[in-house]
Structure formats: structure tokens, C-alpha cells
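So the structure is just underneath, and the comments pick up after that.
Chain IDs A, B, C and D follow the sequence of writing; residue 1 opens each chain.
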Amino acid sequence: MAGLELKNIQKTYGKVEVIKGVDLTIKDGEFVVFVGPSGCGKSTLLRMIAGLEDITGGELYIGDKLCNDVEPRDRSIAMVFQSYALYPHMTVYDNVGFGLKLAKTPKDVRDQKIREAARILKMEHLLDRKPGQLSGGQRQRVAIGRAIVRKPEVFLFDEPLSNLDAALRVDTRMEIAKLHADLGATMVYVTHDQVEAMTLADKIVVLDAGVVQQVGSPIELYQRPTNLFVAGFIGSPKMNFVEVTVEAVDADSITVTSKDVASLRVPARTEGVDVNSLLTLGIRPHDLLPANSGAIVGRVSLVERLGNETIVNIELASGAPWLAVLDGDQALRVGESLALAAEPAKAILFDKDGKALLAPIA
Amino acid sequence: MTKTKLFALTGASLLGLMMTANAVNAQQSGYLSFLIDNGPQSVAVAEAWVAAFTEQNPDVTIDIEVRPGGGEGDNIVKTRLATGAMADVFFYNSGSLFQAINPVQNLLPLTNEPFQAAIQDSFKSVVSAGGEVYGAPFAPAMGGGIFYNKPIYEELGLEIPKTWDEFMANNEKIKAAGKTAVIQTYGETWTSQLFVLADFYNVLTEVPDFAEKFTAGEAKFATTPAAVRGFEKLQAVYDGGYLNADFGAATYPDGLRMVATGEGAHYPMLTFGIGAIAETVPDHLADVGFFAQPGDNAETNGLTTWMPDSIYVAKSTTSPDLAKAFVAFVASPEGCDIRNEAVGATGPYMIDGCTLPADVPPAVSDMLPYFQEGGHNGPALEFLSPIKGPALEQITVEVGSGIRQAADGAALYDEDVRKQAQQLGLAGW
Amino acid sequence: MRSRASLFGGIAAIAATFVVFVIPFLFIILMAFKDKQQSALRDFSWPNGFHLFENLYEVIKTRNWMMITAFINSSLITVVSVTLLIVLAAMVGFVLARRKTKWNGLIEFLILAGLMIPPAVVPTIWLLQGLKLFGTLHGMILIQVAYNLPFSIILYRAFIATIPRELDEAAVIDGARPLDVFFRIILPLLWPVTVTNIVVQSVGIFNDFTNPLYYLPGNQNATVQLTLYNFQSQFSTAYNLLFTNILLITIPPLIVFMFFNRQIVAGMTAGAVKG
Amino acid sequence: MTASAVPALKIQRRSLYPGWFYAPAAVVYSVLFLAPTLASLYFSLTRWTLFDATFIGFDNFAQFFREPFLIQGLVNTVIYAVITSGLKVVVGMMLAVMLTSQIMARGYLRSVIFFPVLVSTIGVGMTFTVLMHPTLGMINQSLALIGIKGPGWLVDPKLALFSVALVDVWKGVGLATVIYIAGLVAIPKDYYEAARIDGATKLQNFFYVTLPLSRPATATVITLSFIGGLRTFDLIWAMTKGGPGFASDTVASVIYKQYQAGFYGLSTAGNVVLFILIAVLVVPLTMFLNRKQGFE
């Protein structure tokens, strides 16, 4: 078993920089998810780990071995592709066993391993079929089977669930989590879906424009995003933002106000923050509560009643569209005015560069 | 120039390679390869000669290879000579085409072989180059003229024409009788040239030095009235409506069959066609007669003659003695007899001592008087001049199909001839 | 309504194709059954008696059983050169479709040039002699490969572009080397085009007439098209034999076709590869 | 900008798509095709008897363009190529549409249409020469049965070229059809369904969906059959030898006749002319077709 070490990894195509110096340590047995919008470089980074893309600069260690110039087959990795990339002309059995065959594994050993993988993934009955005869979910299983049969030290997943329908996606996600628990192998997983990232990851790496924005556990990212991008990307529904003016600065908090927000005192890092300067206030929809004398007032524009909770779209005075997720069923009407209170401790302020002014952990 | 030499050198060294390659299998086993054209007569007679020769020499093996005839065959012969891959012994034309295969460089001289003593000088002259004789005749001399159907002539009471006007008058009567007067077979284009080529004796009677002047670029077909006559005659039979309905698509065998069976009255052709008639419609062989293509004057009526094709030995042969022995065999009276036996007699031989059987077909006996004392004959232009335009057959098809006027055709042929002369690098062009 | 329209359409199509495509073949077949006299009429009539076997015997035994040699030679040339063509062309097509470099333009130019430029015969013969390949089956095979490569490459390249690159990558992750990827993944997936290639090229090479005429002289090297040519003048008065010959040399391509017929259609219909 | 890269470690990893895959094909192709072709460029500038070559500059080209029938040959070549490729596109497309529809006896139709592709050109030429005989030929005899006097297909100078072109289409349309079938089945069904919902008729379906989306197939068919048409030789040679007279001569048959006549330099020059003709016509054509292809 092995961890991964990325040191200032860079990738350029001609003059276009795709990955701009990524440093990352992945511990043995960790489940790491690369998440970010499409085109952020997360797949490229994964393919560089796999050896499918050359590394322009920096060093990649798998275990203790420098792997920049090691052939993929010698990196003890396995990969599951977005399109599964099953070999259409081979049966499931042969698909799963192809790598072993190339490695000249004796036939009986091979057979045993294939059947074991099939058993783990509950696909023994599919072994004689060709990929064309399988459903999406079954193909997904075969692709995973092909990965685990080789007993790699690192599993690489490239958006493996994006071709599945919603229900299947949830099931398969759970299976992958279980697989990780069973195998205890290092897994690197790429997705653009932050829910997948949150549910699966030991550690999430948020990427944007070829740069690592933040690395941390899901809860850390949710509660203490380091910048506007991470704050906006992690969490569903998205965090609400509005521009505010600093009213007063204390030792460990800042009081802000605006057309939309009556003065709100938010715990924060205060260095370099001046009165009257502009900041961005972020509050998650779940952290808003209806209150008669709430700090935030808006007009209801849409109500989605889910029974256990109610999602309310409101339009603030400045025109900013916010969301609030309220507990229980709330009888609200479109057009009526709604006042909301926010728990100041859960609000986050961002400076004009988008950096979060997080209060130090007590 | 150095490049030219380089290529020549390359060619020569390749030639050398080929020779060493051949040497191994040839010396051990008295082996000859023998390249012939694919005409049925050639195949039949070649097989007969090989059979007879190998019977006399049991240790010898002779392998017959067949190539297409016509221009494609020319190409193969040239290509194989140029690349040193020629068979040991081969059939090929005499006259202008013989000159085009660069005999001095490619062929083995046969000048001093004993059998040459019996071969007529007129033949030797058309297979000689640079003072050496390279060939021996494997077929009888031929005449170019007109085959006619005897039963039609008898039925309509026609006389053998001595002038072109008489010929056309005969055609008119035949046409009036509801028969095809003149057979043409442009399905094989070479047959279309006969009216022009076979008219050359008539050209010579009027312009005796035409061939020399033609070679020198001084005489042209279009500007020599006697020479244009051939094209005009070709046009006249078309304009007169004398031709068979399918003249554009009919083939040489069709033409022979038609003239033999009376589907048509006249077919201009070389006399070697007799052999084919004997093979394909033997029952009608006696119905076919032959006369020279008439000119404008009955007094000078005579035949345009063709020298037979020749058998040659390639210089690249590894068994020169065996090859020469085989050629000597072919060019012997015995060889002539085998030929008579295999494909019948089609004309007088160019070899002293060769005789024709007594019962030759009428077409042959019709031809013989032109060769005998008091007869008139003269060689075709291609034996007097190295120049023969390659497009003549297309031009004669055009003139003979009414696509082009005779004078225009003659002028176009002059253009074609000019190109040939230039390619041959002749002076005066 | 609809089915009736398509029924009429179908019958019309069958009738039209019968006249245009089938009758000429029936003509060839009927001629091959006739005797010499009847065949000389060249009409579309029922044969007077059954002469196929004597015609066949006559054609095959002509010129010392040359037809047998010709069939062996032609089959050898066809099988070997088509095999080489498939492997070489697929290799080129594979790299050409997958790897974009500055050479691609040049390579594509050369491929197009190969489709366009008429081969230079005599210099080729000189070259073959220098390589000691002139007049040998090896030489002929290599000539066929060289002349037909561009077409095969074009077929393959277009098809390879439709095979997802992830398959190659999956194979690489599985530990495949380039040759494994090519022979175990790509080549099997190319089967539909390979069928097209086999059919088109083997028929073309088997039916080639010009190139053996020049590059393969000698009786022992005869190919089937040359027999047709050799016999043409010999048989020019015997249409029955001429057409028997045509019929005889059409049989091998016919077998290739019957063998691959379903796969041509199936392969074509398979379209893009599904994964 | 990426100054901290580690060039020292740059061991070239072996590519998944190694260049040496080109090598075997390149060797065969260069030695047996490219080298002789380049040599022929030299020979086109010589008077060449096969035995020796004399450098004469551009005389051969001058002579070639003085050929009385070269211009007609050039025109014939283009006409032939346009007719054959045009008909192959139109007929091939029609047959492919028919064969991909729910027509009865599809297997029979497919086989029958493809079958002529299998027969040798020489055999087809010989057969049709017999069938097109002006009096004895089956075609004209059949026409005579319904009271039509058939034309002299191959012997009428106005018709000969077109007759050969028709036979060429007869022989080659099967291949065009197969290429089109492949192109048509690759068109996703969604387009037809969308068009149907938009209320398109069958004809509109064809013109707005099938035709534009089968453009790659069209490009292939046109390129192949156009080049083939420009280079065509065996069929013309087997059927008319360029005749009657020069009526169906193409550049290729003119070249061959020069070659036959032993004018090797001249004929090689003709080869170069043919190559240029093809390049001038085909290169822009393929560029045009490929540019369009880029949109899909």
C-alpha cells in the first residue's frame, strides 16, 4: 500500500498552463476527491498520476518512488474511466482478466482472481456477456472489477458515476465507499459533483483554474472555506452572498451592514479591515431562520415545499437572490415580505480578494 | 549526359545480375525459354516446332511463354529486353519495329550462321542493323490485298478488278444484289489500316522514291496525291455504303468468317489470314480468293508485300549455341514442312529449299503469281522506312467510319509521323 | 397503405436490379454452357445441351494447364498481400489518427499522392531487379502492398477516429504495451473495416491485370487475369471458352463475397463502436 | 513561467502511439512507389528508349501538348470522371437509402448490387463489349424487340465514352452503395425522430437530414471515384481502346499509347501531366469536402 506525494506538479500544453504547480500529500489508504468545475484541471491531474499525461514540471511520488517517467503499468495503479472504457470485443471475464493476462499471470490464478472480483461486485452471472449486453450500472461494476482484480495500491476514478441515473448513482456511491472500507486502498476520485465529494472523501481537494483552492476534510471545507470559490462550491444549496459595508471593527468581530442587512456582528479575523470598507457576507441557506425582527428582509419569489423543509427564494432589497432552507412546512406566499435572522457565528465574511476572514478556532 | 551513362551502367549491371541468375539453371539442363505472341497460328506452330525439336534432342527442354500481340506485345518485348529479362528465343516483327528494339545492343548476331545462306537477301535486309543479321524468318511472306468471296463473284458474274474503278463497280453490283460489299472490322483497330498500307505498291509506281523522301521528311502523305489515295479509298468504301452494319464492332475473326461464308464479298487483309480461315472455317477455305489492292492503272497492277516476322536470339541468353540451333531448325526446310503441317501454307517462304504443298488454298495460289516471274510486287512502306506513325490505326478508323475526311486524315497522320521521327532522333525533322 | 407501397417498391426494385445486374451474369453463365457454334451467336438463349464441363476442361488444360498455376499464384499473391496490407495500414492509421504531430500533414499528403499518382512502371522494374525481386511473387506482393496502402490507410484512419481513446488508455493502465494495444484492442475492434478491406483489396488484387503483366513475366508466374488475356485472342472465335474463363476466374471473388457477405452488412451496420 | 520544472529527469517515456508503427509501411511505400515516381520525374525530361536516355528538357511536355487529341483527351477525362463519380454518388445514395429502408429482399438486392464489384474489369469489359455489339449485342437485340433501333454504343463516336462510363458505374456503384450504407446507419435515429415531430415528409427527411449528415460518405465516394475516373484506363482499354478513332481517349489512354509506341520519355511526361491534372482538380475538391466535414 502506498500514499502519493505531488510536488509542484505542472502541466502545460504549448503555452497554455493547465496545472499551475500543485502540491499535495495523499496518505496511504486515504480516499481523496478532486472536485471543481469542468475545465479546472482535475481530470488532467488524475491522468498525470495515472501516467496517461506527461508531467511538464514537478515530481510525482507513488509510495516512495519517483514516478514522473514510469510507465503506467509499473505505477501499481488502476483506473476507472468515465465511459468505463470496457473492451467491446471481450466478454466481461476477459475484460476483467485482461490486465492479468498481460502480466502473464497463470491461468488458474487468473481465473480465481477474476471470480473473486466478480463475487465482491456480485456480478458472477455477467461473466460471459459482452459489454454491449450490459446496463450502465453493470458496466460500471465491470469497470471497477477490472480495477480491483489487479490489486493496485492506488485506485483512480475519473467521474465514474456521471453516466448513471440519479438512483443508481447513490447506490454505486455507497458501494464505492464500502469498497474503500473493505480494501483499505488509496483512492483518488475526480468529480464535479460536490455531494459525491462530501459523502465519499476523507479529504477533498478543491481545484479551480489549475490551482488548488483548498484541501481538507468535507466538514472543514463546509464550515471553514478559505475563500469565496470554495464557499460557493461546497454545500448545497449554494451559500448566499451579498455585499456589505463595515460599520465597526472590534477585536474578534466585525459589524457589517447594507441596504439588505441590518447591522450584523460577525466573528472574524479583523486585521487590515477598515471601517467603511466593502466586504462580502456569506450565509448558508440552512443557517437562516424566520424571525419577526430578522436582520435580513426580502420578498418571497418562489416557495418549494418539500414537507420536511421549505426552500424559499427571496429577493433582497438590492435585488440579490437568496435562498433559505427552513425547517418544516412553512406557509409562505409569493410576493409577501419575509424577515430572516442569521446566526452570526455561522456567517462568513470575505475580503475584496475573496479570502475568508475566518475567526481563529477557539 | 553523365546521368545517361549512369543509367546505362545501372541497366548493364542489372543485366549482368540477370545473366548470372539465369546461368545456374540453364547450363545444367539444356533449357530454352521461347517467347511468342498469342496468335493461334503462332501458338500452334511454336508448339509443333518445340515438339519436333525436343523429340530430336531429348535432353532439351523448351518452355513456351506467350505474350499479347499488337502494341502491348511490343511493350512487353521492349521492357523485357531493356531489363535483361528476355526469353532466350523470341518472335518479333521485322522492319521498322525491329529497328526500335535496339538490336545491336540487345540481340545476338546470326550473320555467320550456316542457315543464313538459304535465306533470301530481301528478308535479311529487314532484320539487319549495323552490318549484322539478327533474325530468321519463321513464316512465309505475305501480301496485303483483298480477300474476296468466290461464290459471290460467280453468282454475280464479277471479274477480278484490276483498277480501283472496277473494284468500286463490283462493290456497287454486290450492294445492288443486297449483299455486303466490303467488310471492315474496326473492333480490332489494326485491321483498319489495310486500305492505306496495301496501297503502297500503287504509291511506289507513281512516286518511286517516296520511301526515301518520306524518311528524310521531304515527302508527306497529305501533299503526295498518290499517297492520299489510300485514305481516299478507305473513305470511298464508307461513303458508298458498302460496309457491313457492324463494321465498328466486328473483329478480325468476324471479318475472316464473313468473307469465307459469303456474309460479305471483300475483306482487305494480309494473307496470313488464310491460316486463321483454315482453322476456324475450314469448310469455306476454298471459297476465299485474293487479289492485290487495285490502283488507278490496270497495267501496273501489283501486290504490296510484307516480310514475315522473324525469330531472334536475345543477347542475354545463357545458351547461345542451343538457341542458335533451335533457330536454324525453325529456318530449315524441315521447319517449313512442320509449319505447313501445323497451320497450313499461307504464302511463299523466304527460305531456299522450302516448298509449298501442291494443294494450297486458292487464296494462296492467287497470291503466288505476283511473286513469280512477270508478277509485280513491292514491299510495304514499313520495310523501306523506319518510320510508322503509331496512331495510324486510329486515324484510319476515323476515315473509314466517316468521322474524318481523307485529306484531313492524311495530314493528321503526317503529324503523327513527325512525332515518331523526332522520337527516333532522325535527321531532317 | 404503407406496406403496399413498399411491396410495389420492392417488386420494382427487384425487377430493375434483375435486368440491370443479374441478366449480364446470367448471360456469362449461359455462354459458358454453350458449344462453340451457338456461342458465336452471342444471344441470350438457352444452351443447346450441356457443355460446361468440356468448356471448363478445355479452358483449364489450355497451354499446359496454365490455369492451375495461375490460380495458385493469384491466391498466394492475394492472401499474403491483403494480410500485409491490413496490418501495415491499420498500424499507420492507428498512429495517424491518434497522434497529432507536424508530420501528419506530410503523411496525409503522401497518402493522397499515392491515390492520385499513376505508378511509373519501368523505373519500378529496374528497382525490383536491383532488389532481386523482379519476376518473383515476393516482388509482386510488395508492389500490391505499396500501391494499395493509401486506400486501406484512409479506411482505417477514419474508423479508428471513432474508437474512444479511453480504450487505449484503459489498456495502458492494464499494463499493455503499444503492440498489445494495437493487436489486442484496436485491431480486433477494426474488424468491420477489415472486412471491407479484405473484400475490396482481395478482389482488386485478384482481379489486377496491369501490374502482373509488367512485374511478373513468365509462364510459371501467370496470374488468372493474364490467362484471360492470354486466351483472349486464342478464344476470340470461341465465345463459350472466353466466357467460361470469365466465369471461372470470378469464382474466387464470389467465394470471398459469400464468406463475408453477412459480415460486410453486419459490420457496416454496427457503425460506431459501443463500449 | 514554469522555471521550476525538472528537465534533468526528462527521460522520454515511450509513447502509446510510437512512430515506428509507420516504418514497415513507409519502407515498402517509399521503395516501391515513391522512388520510382521520383525517378520518373527525371525521365520525363529525356528522350528515353529504355536503352538510353537523352536529356531534352521540356520538349516532351511541349510535344505532349501538341498531341492533336490531347485537348479532347483532357476534356474526355474530366467528363468521364464527372459522369462516373456523379452517377455513383446519386445512384449509390439512392440505392443505399433503399437498402437501409424496410424494403423486401434486402439481402438479395445488396448482394446483386455489390456483385459486379467482384468481377475483374477486363472480364466486365469483355462481357459488355459483347453485350453492346451494335447488331449482335443483347442490348440492341432486346431494344429491337420493342421496336427501338439501338445505337452503336461503342462504335458511335458521340456515344462511346458515355457507354464506357455507364459500364464503369455499373461495376462500381456497389462499392459506393456500401460506403453510403455505412454512412447512413451511422446517422443517429434521433434526427429522424426530431424531424418527424417537426412534421417533415419523407422527402424533407432526405434533404434536411440524410443528405447533410451523410456528407462524410459523399466525400469518400466522390474522392475515390473522381480520382479513379481521372485515372481510369483498363475499362476504356478493354472496351474501346480510346476509339472509335480518338473519340473516347482519356489522358491515361493517350499516355498508354505513347508508351506502347515506345515513346517512354513522352509517356512519362504524360504521367506527370496527368498527375498535375489530378492534383489541380482533386486537391481543391478534397479540401472543400473536408472543410465541410469539419462542421460535423
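Following the convention adopted for this analysis, a residue touches a chain if its C-beta (ideal position, glycine included) is under 8 Å from a C-beta of that chain, and two chains touch if they have at least 3 such contacts.
Bear in mind that the values here come from a model prediction, so they are computed numbers and not experimental data.
*Asks:* Out of every possible chain pairing, name the one holding the most C-beta contact pairs.
*Replies:* Counting C-beta pairs in contact for each chain pair, the top pair is C-D.
*Asks:* Would you identify the chain whose Cα-based centre sits farthest away from the centre of chain B?
*Replies:* A
*Asks:* Between chain A and chain C, what is the separation of their C-alpha centroids in Å?
*Replies:* Each chain reduced to its C-alpha mean, chain A and chain C end up 56 Å apart.
*Asks:* Taking each chain's centre as the mean position of its Cα atoms, how many Å separate chain B from chain C?
*Replies:* Those two chain centres are 39 Å apart.
*Asks:* From the C-alpha centre of chain C to that of chain D, how far is it in Å?
*Replies:* Spacing between the chain centres: roughly 16 Å.
*Asks:* Residues of chain D that touch two or more other chains: which are they?
*Replies:* Chain D, residues with two or more chain partners: 14, 50, 133, 136-137, 259.
*Asks:* By residue number and range, which residues of chain A touch two or more other chains?
*Replies:* 51, 71
*Asks:* Give me the residue numbers in chain B that touch at least two other chains, ranges are fine.
*Replies:* Answer for chain B, listing residues that touch two or more other chains: 11, 72, 79, 82.
*Asks:* What part of chain C is in contact with chain D in the complex they form?
*Replies:* Answer in residue numbers: 6-7, 9-11, 13-14, 17-18, 20-25, 27-28, 41-44, 88-89, 91-92, 94-95, 98-99, 107, 110, 112, 114-124, 126-128, 131, 142-143, 145-147, 149, 151, 153-154, 158, 168-169, 172, 178, 181-182, 196, 200, 203, 206-207, 209-210, 225, 228-229, 232, 239, 242-243, 246, 249-250, 253-254, 256-257, 261, 264-265, 268-269, 271-272.
*Asks:* Could you please specify the touching residues of chain C with respect to chain A in the complex?
*Replies:* Against chain A, chain C makes touches at 164, 166-167, 169-177, 180, 184-185, 188-189, 191, 273-275.
*Asks:* Which stretch or stretches of chain B touch chain C in the complex?
*Replies:* Per the stated touch rule, the residues are 10-11, 14, 17-18, 21, 33, 38-40, 43, 63-66, 68-69, 72, 76, 79-80, 82-85, 251-253, 257, 280.
*Asks:* Help me check something: in the complex, which residues belonging to chain D touch chain B?
*Replies:* Answer in residue numbers: 42, 46-47, 49-55, 63, 66, 68, 129, 132-137, 152, 154-157, 241-247, 257-263, 265-266.
*Asks:* Which residues, counting only chain D, touch chain C once they are in their complex?
*Replies:* 14-19, 21-22, 24-25, 28-29, 31-37, 39-40, 43, 50, 98, 101-105, 107-123, 126-128, 130-131, 133, 136-138, 141-142, 170, 175, 178, 181-182, 185-186, 216, 220, 223-224, 227, 231, 233-234, 252, 255, 259, 264, 268, 271, 274-275, 278-279, 282-283, 286
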